[in-house]
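What follows is subunit A paired twice: with subunit B in the first complex and subunit C in the second.
And now, the complex of A and B:
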């Protein structure tokens, strides 16, 4: 048991870590606790445990907030967007990384992508609204997908460029010699090699797009197309008195992202660190 | 022609292999350059086909609105009507005469200042805290610090509204600071820092991991105290992380929109309204889209200048090992 004995001198350090963990975990823990409380339980005490686990909140949340419909909307937006981002950005990143030395256009494209990372979304807000209004794309899910993909391409391509540069060219070149066409060579040889960075891009964007607020608040105003984030924005405005139910809805909506984080943790951490170091 | 087939890029490629590349034709051309060497180039437009789909999306969602935005800023478009007129610099002149814009502007500065300071001190402390030798404890702590990053700003704002509104008054007897015009910005900054601290913590952590331990040992031998070691070794070597984190937090707080909109929608009495929310209001509330776009254009310009200045300030202080 000696292994588990902690030096007494280190006690303040452990207390400090414990305190920080408690502060950070407290809001989420409290939300989970509240979501299992009935109204009388909640009125009695905010921090105490409920007498019995009360699942009505979850049932109510699913029925009243039209929960499945908005989750379905979100899935219908996020899944195609992430797929398109991975496909388009990996191809762009590959071409830029391989040929930017010999093509001025590609070098310029790389610079434009980098510069676009600095554009704040606010400046696009009004023009995007106007474009979507003219093209009748407001309140459509595919319109939302175009926007999400377009705003994510630059950053993901930038992550891919860095990664492709670390893959040796020789493998592709030997495939060319064997008579492989460029697209075939890319899909059969390079794309599988990009798996780690594809996982990073997919996981990061899965979380970001699931939680997107800025774009959806402008494009998705109608009830029928609202994604879960927008739904909650209005839902929380309406039912703030009923905390138990609101938190049940909140917890249900964060399950997919938290699961994504837990399983893809390594890739997400990697993506953030790589992106930060390069920029 | 006794010249050898040489390539600008010679990653140990054998000559036979290179000749094979040349022979397979079509995709490659070999040309002689000014120094009498042979260069290998990919022919054709295939490489542009690779970037085309991504670029189409990018052009549609970023380039087109960007240039169109410049145009809108010079018009009197109200956000609804199909027709509008070119008004020249009128919108930009109006910004300087607008009395309503002063409060959002000052609020944004306050957000940026508080957000950058708190949003870097806390993540740095967390990173220092979990950079110890207790692997298991540190991993668990890291995951817990990172979980708020997965939550949307709407959700986070709602969670904290509950805390400020119900939990703190009941448990600690604190008043709701979101209702107080003086402290509301601090309240929102706390929400935002809780939501994003995980990202900055990771960046600082990777910076800390890159500092060689020998430096600390040598300093210890020379009798440097813990604080001295932090000031003379950790801080200078952490500069790359500082330049990334400070620039990112500063610009993101200057853009502050979603958390504030869902926590207080700019209230009470406009005391937490930011420039971004003001632009949004100009589109949906006041029907002055052209004017709103002029504000956001000017603001984006300030944002980029500030971002570049801050990052070059820190870049100059980076040291090489």
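And now, the complex of A and C:
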């Protein structure tokens, strides 16, 4: 009887959570539903179930967006970018966190990282385009990797700085006593301890870079190198849109990033919280 | 640690892969350019996202490269929203596309003043294009742009619904009111009204004031912009605003909550019978219901049938970057000749469902064919007239939207507000 009363007390929370889940799940459910509807079905009702499952949207989406090639391009850009971001940002964050008191340059670098977070890409667009054109990096996947890494390092390093400060120096000092060099100390001792924040940085950037549109649309203008997000607009004309195909393509391209989020969500939350709170 | 090294190795390999794939792409392109030593590469930047238009662009590329083996045509298609940003970035970075599309004559003036546009006046293809539409591409006596298409504005209606209730195309406002009343009596919403989007809302009042005010005075918008004419002093404009409001009871339950896509769907499934809009609506509605039978008539503006005019507006124009290299210009001339040929425009008319600027014997959607062949004396061609610039247009649309959104309408307040807003812009 007592147990029943406790559960009843929790009922408002349960209903609130259920409502929140519905609110957040509804757009995704609608997207999935729309992707299986023909245009006449869509005209009948936006939220109703289709008369029959219309797989033509998926076939059309795969064909018109050259799906597998675009996904390959996306992987070729995102995987190396995330790797470089984790490596470079962790080294940079480590250096700033450990030596900023001894070096004015590192102290300044910390501030530069923070300041650079305030600059939107639109301001950099024309200079970056000119530099890339001069260096023949336009419409190249490795050029895109450099750009994504460059624009992501600041935030990632910012996260690493907070996390590294939370690791006791004594562990490293023991290593130095045992004859470890500075780099070995970072690589063998500290870097493994950065696993939670590395997972956070990797997961966040995997999601962000996978969905990047602003940089890709400027730097990747040839069909052969376009990533999947750029291909999405093929379903939107100036006055008309093919929502069925657009949602089918979006759902297909969402799968890898959703899987990434599902497997790494605990690291995403933990990493940010630990890095932000401890000092 | 071993595991970490393996992962790092795998990631490094994928990086090398990315570079290798790129190298392959670059090598392919370099091979094309050096094949004969003097291969010319043209770039066409466009925002043709629709499947039919993409098919047309692709067919141009294939025909062009098959005809001229020393020229490569690179197609760069971007979304309509990013088109201007990308174009301006490329122009500012000395990486101009060879040909690109611009909208109205006002755009041409701006880009021509900046020295970006080549003179196309001696291009042979001009002879194929509707001479009236060509006016839109002229700046300072030079032909710097050539319209690809024509857009029509009027009332698009469901022919089957009209036949079912014995309705005829109205030519006067009182006939239009009778049509609306009959439709309401039979449970059909007279107008699909996509007023949730400012651009889509603007099509509705636009047909009225363009047919009367702009048709009556080609400098109407220019005079309002330089403030030599005030909204409060224009009886014609006042009358048209009152006409817009006179039909508000036929706009359906949620006019300002209806998006452009919803309006197309409402038309496609027969919930609404008429839509005051641009000619692209025909393709949009038909895509939701391929069996629908759509007709078109000019929006009545008074009790005089001769005052109802079909509005014809030149659409996107192709412009050529102002190269000094004669070889590139010659190759571009050949490309223009191909694009503005009847054969090439057939794909544009029949697959992309557009009204091409090159007259010809095309199998088009009936409503589009009707607009294209509408008698000149019953049409109002807006080609070559001075338009509103985007600033004045935005202010006009937003102010009108706010005025018509409520449950009552004060025409004097609207006109005064418009004058105040235009005064601000003039200052």
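One rule holds in what follows: the second predicted complex is superposed on the first by the 221 of 279 C-alpha atoms of A that agree within 3 Å, B and C clash if a C-alpha of one lies under 4 Å from a C-alpha of the other, contacts with A are read in each partner's own complex, and residues count from 1 in each chain.
By definition in this document, a contact is a pair of C-beta atoms (placed from the backbone, for glycine too) under 8 Å apart; a residue touches a chain by one contact, two chains touch by 3 or more.
The structure displayed is predicted, hence computed values, not measured ones.
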| item | value |
| --- | --- |
| First, second, both or neither for A:201, with subunit B first and subunit C second | neither |
| Which superposed partner A:209 touches (first subunit B, second subunit C, both, neither) | neither |
| Contacts of A:252 with subunit B and subunit C, given as first, second, both or neither | neither |
| First, second, both or neither for A:243, with subunit B first and subunit C second | both |
| Contacts of A:188 with subunit B and subunit C, given as first, second, both or neither | second |
| Touched partner set for A:71, first subunit B, second subunit C, both or neither | neither |
| Which superposed partner A:126 touches (first subunit B, second subunit C, both, neither) | both |
| Partner chain in contact with A:233 - subunit B first, subunit C second, else both or neither | both |
| Touching partner for A:43 - first (subunit B), second (subunit C), both, neither | second |
| Larger contact residue set on subunit A - subunit B or subunit C | B |
| Doubly contacted residues of subunit A, that is, touched by subunit B and again by subunit C | 46, 84, 125-126, 129-130, 217, 233, 236, 240, 243 |
| In the complex with subunit A, residue positions of subunit C that touch it | 1, 4, 8, 11-12, 14-15, 17-19, 21-22, 25-26, 47-51, 53-54, 74-80, 82, 85-86, 89-90, 92-95, 260-262, 264-265, 268-269, 278, 280-281, 283-284, 287-290 |
| Subunit B residues within the subunit A interface of the complex | 11, 13, 17, 20-21, 24, 27-28, 41-42, 46-51, 53-55, 57-62, 64-66, 68-69, 72, 77, 79, 125-126, 129-130, 132, 137, 140-141, 143-155, 158-163, 166-167, 170-171, 194, 197, 199, 202-203, 206, 240-241, 244-245, 248, 251, 254-255, 257-258, 261-262, 275-276, 279-280, 283, 289, 292-293, 296-297, 299-300, 303-304, 307 |
| Subunit C contact footprint on subunit A (complex, rising order) | 39-40, 42-44, 46, 64, 72-73, 75-77, 79-80, 83-84, 125-126, 129-130, 133, 136, 138-143, 145, 188, 192, 217-218, 221-225, 233-243 |
| Residues of subunit A that touch subunit B when the two form their complex | 13-14, 16-17, 20-21, 24-25, 27-28, 30-31, 34, 46-47, 84, 87-89, 91-92, 94-96, 98-99, 102-103, 105-106, 109, 113, 116, 118-131, 146-147, 149-151, 153-154, 157, 168-170, 173-174, 176-177, 179, 182-183, 186, 207, 210-214, 217, 229-230, 232-233, 236, 240, 243, 246-247, 250, 253-254, 257-258, 260-261, 265, 269, 272-273, 276-277, 279 |
